Every structure is written in structure tokens, then in C-alpha cells.
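In what follows, structures are represented as C-alpha cells.
Paired with chain B in one complex and with chain C in the other, chain A is shared by the two complexes that follow.
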Partner chain A sequence: MLNIIKRNFSTSFTIFIFAGVIITLAFISPSFFDFYNILSVLGQATFVAIPAVGLSMIMISGNFNLSFVGVIGVSAVTVGVLMSRGVPLFIALLVGLAICLAVDLSNAFLIIKMKIHPWLCTLATMLAMLGLETAISGGYFISARSSLFMDLRFGSFLGFPFAVWILALVFLVFYYVMHKRPLGFHIYAVGTNPEAARKAGIKVDLVKFIPWIFMAILSWVTSFMYLIQLSGYPPEAANISLLTVILAVFFGMAISTKNVINVPGTVLGAVFVALMGNGLSLAGVSSYWIKLVEGVILIAVIMSNSLGSDELVQL
Partner chain B sequence: MAEKILEMRKINKIFPGVHAVKDVDFSVEKGEVRALIGKNGAGKSTLIKVVTGINVPDSGEFWFDSAEIKHFSPSDMNKFGIEAIYQENDLVGHFNVAQSILLNNEITRMKGLTIDKRKMHEQAAEILSKHLMISLDTRRLVRDLSVGERQLVQIAHCLVKKPKLIIFDEPTAPLNASEIERLFAIIRSLKKQGSTIVYISHRLEEIFEIADTVTIMRDGEKVADLELAKSNENELIKHMTGGSFELVAQDIHHKPSEEEMLSVSDMNTEYLKEVAFSLKKGEVLGVFGAEGAGQEDLARAVFGLKKATSGRLELEGRTVKLGKPDRAIKMGIGYVSRDRKEEGLVQDFNILENVTLANIDKYARFGFLKTKEEQSTTKKLIKKLSIMCRNFRNVVRYLSGGNQQKVAISRYFTLKLKVLILDYPTSGIDVEAKSEVYDILKELSKEGTSIILITPEYEEIEALCHRSLVMRDGKIVADIDGSKFSEDLLLSWAIGTGNSREGG
Partner chain C sequence: MFSSNKSERKPSEAIQVGKPAGRKLNEFLINASVFMGFAGVLVFFSISSSSFLTGANITDIFLRISITGPIAFGIMLSIILKGINLTPGAVVGLVGLTVTATIRAGYALPTAIFLAFLVGAAFGLVTAFAVAKAKMNPFIATVAIMFVGDSVARVTTQGGLPIYIYRAPEAFSNIYRGSTFFIPNPIFILLVTVLIYYLVLERMKYGRRLYAAGLSIKAARAAGIRVNLYYGIAYFFATLSAVLPGIIVASQVRSGQPLIGHAYLWDGIGAAFLSTIISKGGRPNILGALFGAVVLSTVDNGLTLIGVPFYWKEFARGLIILAILVVATLKNRRT
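Then we have the complex of A and B:
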């Protein structure tokens, strides 16, 4: 028994944190386990989970991405501004998708073909996109009003709101792609040992490209979710959750017995972070302290990762 | 005459400054096991990389399975049916055995809708039992397997593609005796099933056991094609060494003193087994052996970079704590690593900064650098070692390999070292720079520094060393005095045909 705990140290440790935090929160605030509260937590988790799934796939393929927080913003404010000028919703959304694809495909090109370090490249595109977002929005809340948005925000299907269905859909699609398709195996292979993948006849560069397309689509979906849930886009809304998204990915890695990033783990991580934020604010803790707790937990999770294995955790 | 599966004619491969493969004809007949041997740097790896499509030859014809091949790339060669098993770890650690064997050949069900894990495990187990005659739990993760088991997974991965030619590159290097037996049984059964095999090794006894024919290379040229049944080990060694060699350096003249400088006893690491030797003051001790016989581990363990599980190190009778490079430097042990690009020098620092880095305390007063003294010492060193540069502000990255090596050694000049360990100090540098490095070593040893010289080149041992150790499989197998040096003797120890440990 002790051996199993030792071997899966990071898994046990992270589940311990998970359980500890949830039990504590349940004690502090009785409304925590209320069904409607859970639904609202899942709704909040969407904002984290969807980009985190995209980031997971990019990290599995051996790269990294920071720029999605800016891409989501530019897509959201562009759609909002176009709608306010009377452009049909459908066209506005297509423009948003085109922006996401353009930025992430150029990221992929710069990183994979031009061999620019993923951190530097996406840091640069992140800054550029955050700048562009502010230039378009002027730093104000961009509102996006449409009856469709209202229906999606407040309506429900089989008792679950739209946001929860989107979360489930994203989870199922990418769980299938990453864990049930040969492509998923290949993305893991090029990320862990590109030389082995090349020798097995896998087209390494092509396989490394694909997660960026997924990332673009997921960034677009996230911007859409912001517009629906908030009837608009507050300045740098996605940027504020950058750390939380990274935390969700690492949390998922820490609870996997193989100690690798994976889609179910990431979604669970996002839900955990949302639960924690929700529980703490129900208990009346200020949002500044919530960030602090998130940071401390991120460090604990990463440490448990590197203690559990000989390899260093690398972003 | 049997049909040829691979035929290469007049193949040439030139790298900047090195003509690695010269007009080589290399052919392999269908169904045979052909060994390829030669000393380190004889060109066998370069040649094999042409076969696997990694190196594009500069000239020559290449025929495979009766078709001429003009376009070279690894994926093309895979398509033609050429597969290679390298020593490197070409597996994904967190994949299980079945995933690894069937990587890029995954089995799906429901018309390709999802992966069929059950079938993958079945097929992987079948390949393992049918071709490799072993049963291995296909659900285990690669990172939990032994080195030998990983190699079996790699072989199985190659077999999935039904190759016509399989290349084994030094496959037995990481294996133990029973794993080697198993590998040979596998190779024999592959041969029986009609595969053709090229087998690269430096262990002659293995070649006689497993191969039918042998091709021998020396200095980038093919020197012989022999049938092993009609040959013997001495003939092979003679072809490998060429019988004679040119002296590249003047022999060392001075005699070391009788004082003992360094003694190592019972040192073990993950790879080294019970290493023990001693070194006199001013003595140059060679360490000879095939690639990966443990020389690098020995150097790093003595210097403290590699963790020793046990062992005792004494310098002038005082015990040196193992595993502490900073302590080793303070006590007077220096180490110039093989990999000067990654470890030896800070490539973006200039000469002066690199020279003073190792002993920065000496030039500092109250935490500030004494620039004048730094500069004058560096200038003297540049002159003394004839380092080719405009001045000491040249960034090391832009110096030639030989000059970089001189900078790496020069740092230790100022320290008045007791022991200097050099790992492949002349690899990748030109002849002139080599002889300058030799002169530096001779001068250092004359001044009383004891030197441990790890080198793959017998000529350097012959010219520079008072005595030489020979290593094989992590053990010191011979300790040979300079008066008895001969290339055949050292090589026969290194590749395992010598008998018992020579007295020393």
C-alpha cells in the first residue's frame, strides 16, 4: 500500500489536496453542494476548461501557448463591435473564427517551421493581441446584445444550461481525439520523443501543427461563451484567467497515474479551480486571496510532480 | 552467387573538413548476416546513416532490391524496407508496450472510428511471441522496462513494418550476457525467416558467433570483405589497424616521479564496476577502450560530476570527498569534458571571461575583479598556448574547435593543478592544433601535473602516455606499461579477446 502511494505520489498528493479543499469548503458554506450552485460552478469552469483543453493538446505536442488570452479577447471584442454596427451575427462570428485561426496558424508556422521558441513567440503574439484588443475596445466593456445570446444564457436543455452542454461537448470531442484516435497517440509521441516518432514514419511537423488548429477553434468557442454569459466582453477578461488555465492543465497531469497531461484531467482540473474559487467566495473570502491560494496550490502541484518522478516538470 | 539486396558503389560522403567515407563499395546479399566493423571514426556510422537515409551521399550509386535509389530520406528508406535499431532510446516512456510496438500502425475498429486497444495488445503479444520468442506484458509502460526489454520492443516495432533489411547498431552494448544470448537467438530466427541483417559491433567474438561475412573499414575506406568461416580474429584486427600507424607526436621523454599523487579504490557507479588505479606525480595515464566502455563515467566519477555508489579517492594521501566538483577543483583536480560546446566553455563569453571563470576567486578582491591581473594572465596564456585570436575579447563561439579546446585547457594552467582529467581532448580538431595540445600536455606533466588522458586513438596513448588502462563494459581490464604498448595488444583488450589482467 505504502509502495503504491509512493509510486503514485503526485496522484495521491493531488487527490488529497482536491478532497481536502472540497471538504473544507463544504463545511464553511452549506450552500456549496446545492444543485444550482454546482451548475453555476460548471458554467464558470467552462471559461477555464475550454482554453485549457486546447493548451493541453499544445503542451502534449511539446509546445506551449500564452497568446490564447489575447486571441480570445480580440475575437470577442471584434464580434461585439461588428454586431453593434449591424453586421449579422453569423458573419461577425465567422470573422472572429478567422482571427483565431490566423493568429494560431502563424504561431504554429513561427514555432514549428521558423523554430522560434514557443514561449517567446506566443508571448509576443499575446502582447500584440492584448494591444489589439484594447485598441478595438478602447479599454471599455464591449457589449454584445442579441436575443439568441439571451436564449442560450438562460435557457436549458434536459435541465442543464447551454454552457454545461458546451463543456461536455468539448470534453467528449477532444477526449475522443486524444485518447481514442491514432492521431492522439501521434501527438503524444511527437511531444515526448520526436526522434522516435520520425523513425516510426510519423510526419512530425504536420502532427505538431494540428493542436494549433484545435486551439484556434477552442479560443473562438471561449470568446463566444464570454459574449453569451456576460452579454459582452470586459477588458482583458481572458487574460485574468491565464494562471488558472495553466493550473488546470498541471492539476490534470498531477492526478494522472502516468504523470502525463490528458484531457479528462484538465477538465477535472478546471472544475476543481472553479469549485475552489466559488467555495472561497461563498465563504466570503476576497478575490485577491483566491489568487494567492491558486498560486500556492499551483506550486504544490508542480512540486508533487517533480517529487514523484525524476524528470523535471517543464513548461 | 546469391542475389544482392543492397549494393552501394563508390559512395562518398564529405563533411566540412572530413572525408568521412571514401569511394566505398558495400553490398549485402539476401538472407545473410553481414558484420560491419572498424575503429572509432573509421566511417562505419556515416556509411550506415547513408543506408538509413539520414546522410545524403555526395556521390555514388545506391541500389536496393534491384532498383536504383536517387532520393535519400529516412521515410523513403523505411518505405523501401530498411529499418535500423539504434542504441538511443527511440521510445516514448509513458506509452505501453503495445502502443510502442504499433506506433503509427495502430489498429482501429468500427471502420476506423476508434482505436481497438484489445486487438493492439493481441497483435503486439503475437509479434513478441512469434518473432522474438518471448512473452512480455504488453500493458507495461516502456519506462518501467529494462534496457534489454526496451530493445526487444524496438525490434518488434521494426518488424511490424516487415522490413527487408534490418540494421543493428552496436545492439549488445547495454545488454547483459543472457540478454545477448536472447538477442542472438532472435537474430538467427529472423535470418531463418528470410530477413537480411547488417550487424555493427566492436566485439569480435560476437561477430564470429552471429555473422556470416564481414566488411572492415579504416579511415573512411573499405579495406576488406571477408567470409568469417575462413578468417580469424588476428586477421580482422590487422585490417582494422592497418598494421602500422604514423606517429603524430613526439614521444614523451621525462619520467614521472615515484611519489603517488592519486589513488582510486573500489569505485562503483551505475555502470562502473570496482574501478581501482593509482597515478604518480607527473605521470600521464591513458585510458583506452571502445566507445562507451566506461571511460567517461570514470572521469566524471573521479571529478565528482557522476554519483559514485561507493569508492575511495585519495589525493596525496588525503581523502577527497566524492560527488563534489567544487571540492575537487579546490583540492587541485581539473576536468576538461568531451563536450566542450555544452559543458566546457560558456560559448557567449570571451576568452578572458572563460579563463577566469574557473578560478574567479583568485582574481577577486572584496568582490571586485582585479581586471589588470586578469588581463595580463590571459594575454600570457594566449601567447603561451598560441591561441589564434585577435585579442582576449574574442567571443569563444567564433573560435575554431582546436582553439576552443586550448582555451578550455588554459583555464587550468593558472591553477597549478595536481591532476588534470581530459576526455577526448583532440576530438574534432585539426592536426596542427592536435600537436599543440600534445605539447601543452607534455609541458603540464613536466611541471608535475598528473594527467588522465581518455582517448579513442591509440597513437595518442603511444606518444603521450607512460602507462595505459584499458576499459571494457565498465571495468578496467588491463593496466599496461608504456614499454609494452602495441596497438594490437590494446585493441584486443578493448574488444575482448585478451585473457587476464596484465600486471601493473
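Then we have the complex of A and C:
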């Protein structure tokens, strides 16, 4: 038993955190395991889970992305502003999708073709996109009112709200693509050893491009979810959850026994973070403290992941 | 060089990559275009704003450099080790909060500055431990530490309320506004900082060992350099370097602003990478980083003067950093 714990230190450590937090929260607030509360937690988890699935795909292919927080914002405020000017919803959404694709494809081009370091490149584009978002919105809440949004927000199908269905759909589609299709294995291959993948006949650059297209689509879906759930987009809403998204991905990596990023783990991580946030706010903890707790858990999880490695990391 | 017989090759030729003349020309062209670009920026701003080339404004630019400069130097230390350090983004704000809260509680300035260095050292130790001991990826480690620092700043200020000092002590105000030997204090501090960095990195064995550890961990270790120790110390000082700018900013605005550090962090990253563009062989160096701080502070100042709102400045900053990264990567791939 002790041996197994030692070998899978990060896995057991993370599951320990997970179980500890959930049990504590269940004791503190009795309404925690209420069915409607769980539904609202799953609704909150979509904002984290959808970009986190895209980010984990990109990280599996050996890259990284920070700019999605800006991309989601620019897409959401553009759709909102276009709708308030009387542009049909369908066209506004198409413009949003075009923005997401344009930014993420140029990111992909800079990183894969020009060999700019992915962290630094997307750090710069994140900054530019956050500036652009504020330039479009003026720093105000951009409201987007539509009867379709209201129907999607309050309607439900088989007892589950729309947001939960979207979460389930994203999970199933990307679980199928990443873990059941050859494409998923190719993405894992180029991420772990691009040279071996090339020798095995995989078109490395092409396969590295594909996650960015999915990321663009998922960013667009997330911006759509913000507009539905909040009837608009508060300034830098996605930027505030950047830490949470990264935590979800690393959490999923830590609970897998092989220490690899995977789609179910990421979604579980997002649900865990949402559960924790919900439980803490039910217990009356302010949102700043929740962010602090998330940050500390992020450091602990990454540290438990990297403690086994014996060499310093250079970018 | 082109002989097919391997045994006739001299050892010195075996390690030569590319044509030296072409490389020199390439480097010259890149340097020239950077300086020409900067000159163009200067001309553009002096035409579009009449107050750009006044003495008061140039002093203002240098006062801003005294804030972004040390941050850029710290980030440059991490770039020498092929890493990155984002913790200054949080430390600048936290230091300002510490100083102002201590002074408001009635303590003297030296106590406040001591506590500020203590906060910086605590964050430096965590960063050094995370990178050199726990062997975390420097980017993800410092991003996470920056998040934690920001959260600490938010928690202690009820979500980001600044700490104001209504009657600031003379000494505190003088950090930014006073002068030593006819040089404004912040610029004096900047000059001293540059001198220390220059001596340690370019004139002492510690600097050479640090560069060696960045170039190849294994080779440096084989040469007997205590690589992990150098990594730890470099990341410690990379974070600690944000303390002085934090104190200067707090003295400038006479208050502790929780999240003020981010704008300076981006300028610091841009400046540090600019130093790899204008140096030989993409070597990050202190004078290049100083020049980078000059460029980015001038651009920021000029954009403010011609009335660009802050969000377009943020947008421009992102594109400038991206352009710097593209040129740096292309150049270091070619040469």
C-alpha cells in the first residue's frame, strides 16, 4: 500500500486534496449536495471545462495557450455590440467565430511555423486581445438580450439545463476524438516525441495545427455560453478564470496514473474547482479567498507533478 | 570548409556554423533596423506632440525607466537561464501595499522599506524553491505564484482598494521627488543598479558561470559549477528586483495600488527580450535590457502624450512584445 502511494505520489496527493475538500465542504454547508445546487455547480463548471478541454488538447500536442481568455472576451463583446446595433444574431455569432479562428490560427502559425515560444507568443497575444476587448466594450458590461438566450438559459431538456447538456456534449465529442480516434493518438504522439512521430509518418506540423482549430471553436462556444448565462459579458470575465482553467488541466494530469493530460481528467478537474468554489461561497468565504485557495492548490498540484523529475527545466 | 574529406578538416572549422560574414551582416542589419525603428518612433512622437521633446518630459521618461528597468533586469536573469519570471507583476503591487500600510500604521520609513524587502525576499525564496528545488517549469511556476500574489493583494485590500497616505512623510515622498547630486533619486538608484548588474554579470566570474549554466546545464555541471544553486540565486534576485520599483511606484503615487505591477511587467518582458535582439548571438545582456527599457518607456510615454486610451496602449504593448519575440526568434534561428 505504502509502495503504491509512493509510486503514484501526485495521483494520491491530488485525490487526497479532492476528497478532503469535498468532505469538509459537505460538513460545513448542508445544502451542498442539494440536487439544484449540483446543477448550478455543473453550470458554472462549463465556463471552465470548455476552454480547459481545448487547452488540454493544445498542451497534449506540446504547446500552450494563454490567449484564449482574451479571445473569448473579444468574441463575446463583439457579438454583444453587433446585436445592440441590430445585426441578426446568426451573423453576429459568425463574426465571433471568425475572430476566434483568426486569432488562434495566427497564434498557431507563429508558434508552429515561425517557432516562437508558445508561452511567450500567447502571452503577447493575450495582452493584445485583452486590450482589444476593453477597447470594444469601453470597460463596461456589454449586455446582449435575445429571446433565444432566455430560452436556452431557463429552458431544460430531460430535467437538465442547456449548459449541462453543452458540457456533456463537449466532453463526449472530445473524449471520442482524443481517446478513441487515430487523430487523438497522433496528437499525443507529436506532443511526446515529434521526431519519432515524423519517422512514423505523421505530418507533425499539420497535427499540431488541429488543436488550435478546436481551441478556436471552443473559445467561441465559451463566449456564447457567457452571453447566454449572464445575458451579456462583464469586463475581463474570462481573464478572471484563467487560473481556474489552468488548474483544471493540471488537476486532470495529476489524477491520471500515467501522469498525462486527458479529457476526462480535465473535465473532472473543472467540476472539482467549481464544486470547491461553490462550497466555499456557500460557507461565506469571499471570492478573493477562493482565488487564493485555487492558486495555492495549483502550485501544490504542479509541484507534486514535478517533484519526481531530476533535471531543471529550460523553456 | 567544403572539403569532403573529414580528416582534413581543422577542429576550428568543425564547430563553425554558417558563414561568419553573412552572420555579421545579418546582425548588423537587425541592429540597424531596431535603432532606425526607434529613431522613427522618436521623430513621430516629436512631430505629433509638441511637449514630447521637452526637458520635463524626458525626465519623466527616465523616471519611468527607473521602474521598468530593474524589472527588466530581473526578467533578463531568468532569460539567461532560458526561463521566464512573471512574479514581478504581483510583487510590485504587494511591496507598495506593505510600504504604505506600514507608514500609515505610524512606523518610520526604514522599517517600511525593510518589511518591503522581506516581502520580496519571501516571494523570491518561493520562486527559487519552485524552480531550482522542485524543478517546476519556470513559466507555470511563476504564473501560479503571480496569481497567488495577486490574490493576496486582493484579499488584504477587500478586492483591490488602494491604501492612501494623506500626509506622506517627507522622506517617503522624496524617494520619487527628491534628488541626489542633482540627479533625481529614482534615476540615481537605476544607475547604481545598472552598475552592480554590469559588474556582476560582465566583469566577475559569477556572471560567466550564470551564462554557462544557461547555455548548457550538463556542460556547466561537468565544469564544476553548482548549477542548481545558480538557478536558485538567479530566480531569487529576479523576483527581488521588483522591490525597488515597487517602493518607487508607491512613492510616486503616494499610495499602495494592489494590481499596479502588471503594466510594468509587460514592459519588462519586452525590454528583456529586446536585449537578445540587439546583442551578439542573442545573448541577453544588461545594457541591451536598459536600452529595451528606454524604448518601451518612450513608446508608453509618447502614446500617453498623443492621447491614446489605456486599452489601446495595452493592445499596442501586446503587438510590440509579439514583434520583438518574432524578430528575436528569427534572428537566433538564423545565426
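The rule is short, and it goes like this: the second predicted complex is superposed on the first by the 307 of 315 C-alpha atoms of A that agree within 3 Å, B and C clash if a C-alpha of one lies under 4 Å from a C-alpha of the other, contacts with A are read in each partner's own complex, and residues count from 1 in each chain.
Here, a contact is a pair of C-beta atoms (placed from the backbone, for glycine too) under 8 Å apart; a residue touches a chain by one contact, two chains touch by 3 or more.
It should be emphasised that the depicted structure is a prediction, and the values quoted were computed from it without experimental measurement.
In the superposed model, A:A135 makes contact with chain C only, not with chain B.
By the touch criterion stated above, A:N193 is placed in contact with chain B alone, chain C being left untouched. By the document's definition of touching, neither partner reaches A:F90: not chain B, not chain C. Counting the residues of chain A that each partner touches, chain B and chain C differ, and the larger count belongs to C.
Looking at the shared chain after the overlay, A:F35 reaches neither chain B nor chain C. Of the two partner chains placed by superposition, A:F157 touches none, neither chain B nor chain C. Residue ranges of chain C in contact with chain A, taken from their complex: 81-84, 130-132, 134-141, 143-145, 147-148, 150-152, 154-155, 159, 214, 217, 227-228, 231, 266, 269, 273, 309-319, 321-322, 325-326, 329-330, 333.
Across the complex, chain A is touched by residues 74-75, 78, 88-95, 99, 103-104, 106, 108, 114-115, 141, 157, 161 of chain B. On chain A, the positions that touch chain C within their shared complex are 64, 110, 114-117, 119-121, 123-135, 139, 243, 246, 250, 286, 288-289, 291-292, 294-296, 298-299, 302-303, 306-307, 309-315.
By the touch criterion given at the top, residues 176, 180-182, 185-186, 188-189, 192-193, 195-202, 258-260 of chain A touch chain B in their complex.
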